[in-house]
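Inspection log for the structure reproduced underneath, given as C-alpha cells.
Per-chain numbering from 1; labels A, B, C, D, E and F assigned in written order.
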Amino acid sequence: MTTDPTTGPTTDPTVATADGTTSATSDSTAETRQERFERGIEVLNRVDGESGQRVIDALADVNPELGHQVVAWGFGEIYDRPGLSPRDRQLVTLGMLTALGGCEPQLDVHINAALNVGLTRDEIAEALLHTAVYCGMPKAINATFVAKKVFGERRLLKDS
Amino acid sequence: MTTDPTTGPTTDPTVATADGTTSATSDSTAETRQERFERGIEVLNRVDGESGQRVIDALADVNPELGHQVVAWGFGEIYDRPGLSPRDRQLVTLGMLTALGGCEPQLDVHINAALNVGLTRDEIAEALLHTAVYCGMPKAINATFVAKKVFGERRLLKDS
Amino acid sequence: MTTDPTTGPTTDPTVATADGTTSATSDSTAETRQERFERGIEVLNRVDGESGQRVIDALADVNPELGHQVVAWGFGEIYDRPGLSPRDRQLVTLGMLTALGGCEPQLDVHINAALNVGLTRDEIAEALLHTAVYCGMPKAINATFVAKKVFGERRLLKDS
Amino acid sequence: MTTDPTTGPTTDPTVATADGTTSATSDSTAETRQERFERGIEVLNRVDGESGQRVIDALADVNPELGHQVVAWGFGEIYDRPGLSPRDRQLVTLGMLTALGGCEPQLDVHINAALNVGLTRDEIAEALLHTAVYCGMPKAINATFVAKKVFGERRLLKDS
Amino acid sequence: MTTDPTTGPTTDPTVATADGTTSATSDSTAETRQERFERGIEVLNRVDGESGQRVIDALADVNPELGHQVVAWGFGEIYDRPGLSPRDRQLVTLGMLTALGGCEPQLDVHINAALNVGLTRDEIAEALLHTAVYCGMPKAINATFVAKKVFGERRLLKDS
Amino acid sequence: MTTDPTTGPTTDPTVATADGTTSATSDSTAETRQERFERGIEVLNRVDGESGQRVIDALADVNPELGHQVVAWGFGEIYDRPGLSPRDRQLVTLGMLTALGGCEPQLDVHINAALNVGLTRDEIAEALLHTAVYCGMPKAINATFVAKKVFGERRLLKDS
C-alpha cells in the first residue's frame, strides 16, 4: 500500500470520502490532503510507474513534504487535468527537462513515462533530435544518452 | 573506416546518387545550399508564418549565414523530418523555450506556430500551466504573458 | 473583493467553512479549492502586496488556472508553512530569481516583498552583491538594476 | 575624473592610509594578496569547514589562481562583509545553487555550511521545498538528494 | 519572393551549379548527405580527436540522425567555415560550455580539442578563471575540475 | 598550516614586501582598495569604453560595493592578468553571455568591447553563428540582434 510520506497509513479512510467527486477542475469539492495525495499516486503510478514511486520513497526521510507535493500537487492537481493528454504532457516535459540541463535523473523517469503513455522509441529519439535546434547539441546529446540507458533497459535499442 | 551512423559502410558508392529523391532521410540526394534553403523556407512559412520570416529578414544585414542555417538546417533538415508531427514538435518547443528562459521573442513566434499547426488556445494554456511543475512559477508566468499577447493579437482571449 | 480567477465571486461563502482549521500541515482537514485560494490570497497580499495581485489579475483572461495555482498552491500551501519565516523565504527567493535569469518581473515583485517582510534596503543590496560570487557579475547587475527601480519607487535610493 | 562609487572623490589622499584597520569596508587599508588570502581562509574554515578546504586544495595543481580568488575574494572580501549574517548568506546561497542546476558539489559544501552557521535540518528542508515554487520540482528534488547525503553523513535523517 | 539572406535574389539560376567548388560558403555546390558527413568527420577528427568520435559512435544505436547532424552540420557546415580560427572557436566553446552548466562530458571533449588546436594548458586555466567573473565560482570550479582530469590524462598537471 | 595555492608556504614573510611591483600575479604587493579600483578603471575604460563606465555609475546609488567589485576585482584583478589576451578574453565572454541567456545588456557592452580590442564585425558574427551549435538557435539569435544594434550604432552593418 502506498502512503503519503508525511503521514503514514491513514487509520480511518472513511473520513475523507464525503462527496466522491475527483475532478481537478471542480471548485466546490472539499478534499483532504490525503485524498489529493491518493489521487496523485494513481496518476504517478499510471504515468511514471515504479521509477516515480522510488523518487517519492527516497524523499521520505529527508523532505517528506516535497514528496507529498510532487504527488498531490504535481500529479494530483496538474497532471490529472483533462486539458492535455498524457502523451502531449510528456512531449512538453521531454522538451523542458532537456532544456533545463542537469535533470538526467528526471529524464530517466520521464523517458520511461513517455514510453508508458504511448510515445514510441523513434518518436522520443526524434523529439530529442528536435531539441538540438533550440537547446544546442550538448543538451540534446546528454538527454539522448539517458534515452540510450532507458531504451537499453527496456530492450529497445537498435542493432548497430 | 569512419562511417555515417545513419547508413553504415557504403559498399557501393554509386547507390548514393541513384534515386534523386529529396527526402530528408535519404542519404543519396545531392542538394545545393539554395535547394536546402528553399525547402526550409516552405516549412518555415507553413509553421511559423510571417513572424518567422521577419526574423530571417532581420538577420540579413548582420549575420546572413545564421539566417540561412535557421532556415536550411533548422527547418529544412530537422523540422521537415517525418518522424514527429508538426503539432508534436510545437509541444516539445513550447516546453524548451519556457525552460530556457529569456526566449520571449521565440515564444511569440512559436505560440503562433502552435496555433498554426493545430494546437488550441486551451491546449497551449494547459501546456504552459504544466511547465510550472518542472520550470517553476516565474518561467511559466513569463511564457504565459507571451501567450496573452499572441492570443490578444489573434482575438483568442477569454472574456474576463 | 478578491476572487479566484477560475471561478469568480462565490455566491454562497458559507459552503466552505465547515471545520475552520487552516493549518497547511493538517492531514485531516477537508478544504475546497476556494478555501485554499482564499488562504493563499491572504498570504500573497501580506507578502507581495499589490504587485502580486496585479500578476494574478493579468493571468485571468489567458490562464486562470495558473493564477489559481500560484495563489492556492504557491502561497496557500507552501509560503504559509511555519517552518521558515517570511523574511528567510525572501532571502532564498532573491537568490533563486537572480540565478534563474530572465526573471526581472518576478524580482520586482519579490524585492518589494523582501522590504514588506522586514529586509532592509542595505540587506537586499548586500544579498545581491553576494550573488555575484555564485551567479557571476551579469546576473548580479541585472538583479541590482531591478532593485534600483524598486528602491527609487519607494524613495530608498542613496544620495549619490 | 573617475572615482570609486564607494567613496566619491578623495580630496585628501593621505586620509586613505590613516587608520590601518583591516575591515573589508575600509577604503584605506593597504593589504597584500597573502593577507587577503589569510583572511579569506579564516572565513572559509569557519563557514565551510573541511569541505571548502578540500576544494581549494584540489584546485592547486590545475588552477591555483582560481583557488586563490575563491578564498581571497569570495570569502575574504564578500563573505566577510558585515551587512548580512552568515546564516542569511547561506539562505541566499542555497536558493542560488538550487536554481543554477548542476551545482551538486557546491550544494554539498553549502548544506554543510548552512548547518555550520545555525540553520537547522528542518529549515534547510523547508527552504528546498520552497525552491520548488520558483525552480520547479526537478531542481528542488536534485538539491534535496544532496541534503539527504549530507544529513545522512551527519546523522540527521529522520527515521522513516 | 523569398530569398536566401546569404545570396539575395538569384538572377540567373544556372550560376548556382557552375563551379563545383566545395567551400562551405558557396551557394552553388550540390553535395550529398554522405559528402557533408565525410567533410564533418575530417573536421571532427582534426579538432576533437578520438573523444569526439566516441560520442558519435555511442549515438549510433539510439539516435543515429543526431550523430549525423553533429558531424555533418556542427562540424561539416559550421566548424569548417573559414571566418574564425579553430583556436578562436574553442575559446568561444569553453565559455559556452562552462556557462551552460551540466555539460561536463562536452567540456572533456573540448578541453582536449582546445589543446589539439593550439591553446596551452595555462591559457585554458586562465580562460576558466575568467569565467568566474561572468558565470560565478561554482561553474568555473566545475569546469576546472574537468580540465584537471584532462590535464592529468595528458600529463600536463603542475607539480604541487 | 593552510597556504595560498598560488604561493605555497612562505618561509620568510619578509620576502613578501620586497619588490614593490604591482603585477596582478605578485603575491607581495600591498595595495589599497582605492589602488585596486584605479587599476581596474584603467582596464575597464580600455576594454569597455564608456558603456562599461555607465554601468558602474548607475550602480552608485543602489549598490556601490557591487560597482567597486566589478571594477576592482573583475577588471583590476582578473581582466588585467597577462595569461590571456584581451581579444581572447572577449571570445570567451561572448560565448558565456550568449549561453547564460538574459544578458543582453552585458552583450551590448561586450560586443562593443570585442570591437575595441581587435575582433572584427565578421569575426563576431561568425562567433555568434558558432554559438548556435552549442546554445541553440534562440540564444544565438538573441545575441545576434544585440550585435545588430551595436553594429548599427557603429555604422558596421552590411548593406542589405
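The criterion applied here is as follows: a contact is a pair of C-beta atoms (placed from the backbone, for glycine too) under 8 Å apart; a residue touches a chain by one contact, two chains touch by 3 or more.
Bear in mind that the values here come from a model prediction, so they are computed numbers and not experimental data.
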Checklist entry - Touching subunit C and subunit D alike: which chains? => result A, B, E, F
Checklist entry - Can we say the copies subunit D and subunit E touch using the same residue numbers, with more than half in common, or are the two sides different? => result different
Checklist entry - Does A-E or C-E have more contacting C-beta pairs? => result A-E
Next on the checklist: Report the chain whose CA-based centre is farthest from the CA-based centre of subunit F.
Outcome noted: A
Checklist entry - Where does the E-F interface recur among B-C, C-D or D-F, taking recurrence as more than half of the contact pairs being identical by residue number? => result C-D
Checklist entry - In whole angstrom, how far does the Cα centroid of subunit C sit from the Cα centroid of subunit F? => result 35
Item to check | Inter-chain centre distance, subunit B versus subunit D - centres from mean C-alpha coordinates, in Å | outcome: 42
Checklist entry - Measuring from the mean C-alpha position of subunit A to the mean C-alpha position of subunit F, what distance in angstrom results? => result 43
Checklist entry - Per the centroid of Cα atoms for each chain, what is the distance between subunit A and subunit C, given in Å? => result 26
Checklist entry - For subunit D, what residues touch not just one other chain but two or more? => result 5, 59-60, 64-65, 69, 73-74, 78, 81, 97, 100-102, 106, 125-126, 129, 132-139
Checklist entry - Which word fits the touch map of the chains here: line, ring, star, complete or other? => result complete
Checklist outcome for this item: Interface with subunit D, subunit C side, in the complex: residues 73-74, 78-79, 81, 83-84, 88-89, 91-100, 106, 122-123, 125-127, 129-135, 160
Checklist outcome for this item: Per the touch rule above, subunit A residues touching subunit F in the complex are 132-139
Item to check | Touching residues on subunit C, where the partner in the complex is subunit A | outcome: 4, 6-7, 15-16, 18, 25-35, 65, 69, 73, 77-78, 81
Checklist outcome for this item: The answer for subunit D against subunit A in the complex is residues 101-102, 125-126, 128-129, 132, 136-142, 144-145, 147-148, 151, 157-160
Checklist entry - Which subunit A residues qualify as touching subunit D in the complex? => result 5, 55, 58-66, 69-70, 74, 97, 100-103, 105-106
